[in-house]
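Scroll down for the structure; my scribbles are underneath it.
The chains carry the letters A, B and C, assigned in the order they are written, with residues numbered from 1 in each.
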Amino acid sequence: MSETILRTENLTKRFGGLTATDNLSLNLAGGRLQAIIGPNGAGKTTLFNLISGLLKPESGRIFFRDRDITGLRPHEISRLGIKRTMQIKSVFNQLSVMENLWITRQASQRFLHPFRPASRDNATRERVEQTLEQVGMTALANRIAGTLSYGDVAMLEIGMALISDPKLLLLDEPICGMSPAETERAVEKIRELARRIDIIIIEHDMEVVFNIADDITVLAQGAILVSGDPDEISNNERVREAYLGRPEDEDYIEEAAHA
Amino acid sequence: MMDTLLLLALNGLIWGLIIALIALGLSVIFGLLDIINIAHGDFFMVGTVLAWFVLEATGNFWVGFLIVPLICFILGALIQRAVIQPIRGAAALSIVATFGVSLILQEVVRMTFGATPRRILPPVEGTLSLFGIQYDIYRLYAAAFSIAALAAFFLFLNYTKIGTWMRAVRHDRETATAMGIPAKLIYVLTFGVGFALAGFGGVVAAPITTVDFRGGVDLLPVCFIAVIVGGLGNLPGTAAAAILLALMEGVIQSVANPTVARISSLVLMSAVLLLRPQGLFKGFAK
Amino acid sequence: MTASTNGRIAIERGVMVIFAAFLLTVPWTIPALINSFWVSVIAEILIWSLFAASANLLFGYVGLLSFGQALFFGFGMYGVGIGIDQLGLSFWPAFGLGIAASMAMALVAGVFAVRLTWHYFAIITVVFSLIFYFLAVSMKWLTGGDDGINFSLPPTFSFGSSQWSFADANFQYFFILATVAFCFFLMRLVIGSSLGKAFMAVRENDVRASLIGLNVYLIRLTAFVMAGFLAGVSGALFAFFGRYASATYMFYHVSGEGLVWAIVGGAGTLFGPIIGTTVFIIIREVVSTHWEHHSLIVGALAILVVIFAPKGLVGLWRETIDRLMASRAERSIPAKVRIES
């Protein structure tokens, strides 16, 4: 399963005078947990937005397993099996946790029945209960999403990404805002998922990245700085330079280099 | 033919200046407070009615330019405090609340002023020879007053302390509050200014339109269109859009009857909304 | 589901049964208790509730703020009016024409409007409805303009020599009741269906909705056409009821009223539109016989409701009942357990 899961060709995105994605040609192999890191403004979330169809590139192409998905609309890309979580957690606030998962599952159906009661769908019910267990939120099933703690919303998002049997999971800073206990739980979950689903993760927390990633791509100013496995990255001078000004990362990279 | 065109174009231009004033009031309320003010047309109507009352009471029309905006400002501030403030501005709720205000304003006017439309005679009669046609002198006064008011408003907004505060709160509520700007007071003042602008427009327009408790209903869509076509949050754009829309309708009226002119300008507006939803004037957007 | 919510739902079911029973007996109880004029008021309330429901479907469930429902109401109304008056259609073809016309108009308008974000969507619904209002006013030969057209009503059903028509006040009432009830039943089905859940997802978070695979544009368009259907049916019923059609009812202000009734009643609830419409029309009817300035009360009520009951009257009802039930439940728990929880 080492074929390319996601490839971009000369991908460019501009916002007015700012070039957020600069002629980016990425090649990510499947079967390995891919991490994308880089300083603020490197264009990581923009890349995810381009892949998931929320933004249209100025030029360049995006390929998902050899299929050109450039220019497809977000719901079409989602239907191909690419699911994502957002940097600023984004769920259906006035619906309950269970309803959030329910509608996510039903959304992947081609046809939404306009008259048959949604709740009568037993296949969906099973899957929702399964997913609730998977992310450990069974107790919170009836809570309104808007009342959840930040960490729980993040977990719900992951649940929503999972329930529709994703072929590629894009996680945008999934543990941002989580408590240490929640982080541990989430990291375990992600590692477990990576065994059967292709995952690309954007993360700022270096500890987590070096812990779980198989391959790391470092972005800076919209372009690839360097890519490789955790060892190569931690020993790379240019990476340290890019992170100048983030002493906690620098220290960690130092430590990792001498580990 | 050319004479009619010129006449209608000038009428349209001047009417556009008046609408610009009213639409600016709406834009300020909409932009700052996120309020969909259904009562805004009625603010204009109240201005025309107050102009009539001032004329009746004092025999002097011109003094209305001072008194009416003042009264409107106070009314606007009161309405903001009593009705708008408690809701904390969710769009749906502001629609219902301002709808209620609209009903009340119309009914109060109906109770005091009556249900029959009336006309105010222009304070200055006669015509002037302009570009080869005879043009009402009062309309020229109306243009001058509108331009003066527009200029005064932009000066106020850009060069006075309160005006700057208003722009700051509009731009970034949280930072402005953090910097010590009294946001709540600004909201009250903004609503007052919005009402005052519409009321001033009412005084200017009173002699060239009818004074009627239903006079605001027709005006409201035009104001909203000007705000949106001009670009949300873009005050100069709103003014420009208002002038252009009224001018366009005036010009079309020279070749078609008023209803057809209305319909054509509405169709054009739809085209703009569909093709350039950010509005026509991006240049000055904040 | 908490116990108190279940209790509240049981109470609501009971209320609905009583309400339904009441509605079924109106033609006899009302004339006996008050007078028969009020039977037609209730019929009117039913018609306008359906109109408010169309605004509510869009705003309360999908998050689309439409000021254009009067346009589709007007197409339904004139479909019937022009159908009978100028085309010589009988009852059902005219009804069909009204519904088809309003749905077609909704489809055409929706294809363009639904692409836009909410400010632009709202204003373009105003613009579209104004365009057709002025068209209707200018085509006086067809529509009668603001004065409108009057026509006499062909029978609804005729079997041989017997006929059922709106000339019979009771038949008229029950036909309207049945039609409105059926439409509300359809709404209930849609809201509870997967499509209905998709509506709410789009309302809550349209970006997230598209990311989970929902075609937001198509979903909004579907809702828009469905709402056009509801408005069209209410317009057709209005024309049948009054034997009258007028351009005045196509003015954007009418849309605004429907929206206000729905929001005051409770946006995003099935019965909100009925309650809101009932309150406003009854106040109008009751107060106007004694005082001509009933609009003051209507306006003040609208303001008071949004300040004190931002979730509408249905929301207020639910909060009150939930609180009462919760405190009753608490009082019945033994003291020891209460302290621990």
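Of note:
In this text, a contact is a pair of C-beta atoms (placed from the backbone, for glycine too) under 8 Å apart; a residue touches a chain by one contact, two chains touch by 3 or more.
Nothing here was measured: the structure is a model prediction, and the numbers come from that model.
Seen from the C-alpha centroid of chain C, the farthest chain centroid is that of A. Relative to the centroid of all protein Cα atoms, the closest per-chain Cα centroid is that of C. Centroids of chain A and chain B (each the mean of its C-alpha atoms) stand 49 Å apart.
Chain A and chain C have CA centres that are 43 Å apart. Chain centres here are Cα means. That of chain B falls 33 Å from that of chain C.
In the complex of the two chains, the chain B residues touching chain C come out as 36, 38, 83, 86-87, 90-93, 95-97, 99-104, 106-108, 110-111, 217, 221, 224-225, 228, 232, 257, 259-260, 262-263, 266-267, 269-270, 273-274, 277.
Of all the residues in chain A, the ones that touch chain C in their complex are 52-54, 73-75, 78-79, 83-84, 86, 90-95, 99, 102-104, 106-109, 112-119, 121, 142, 160, 164. Residues of chain C that touch chain B in their complex: 59, 65, 112, 115-120, 122-124, 126-128, 130-131, 134-135, 137-138, 252-253, 256-257, 259-260, 263-264, 267, 293, 295-296, 298-303, 305-307, 310.
Partner chain A is touched in their complex by these residues of chain C: 1, 186, 189-190, 192-198, 200-201, 204-205, 207-216, 219, 222.
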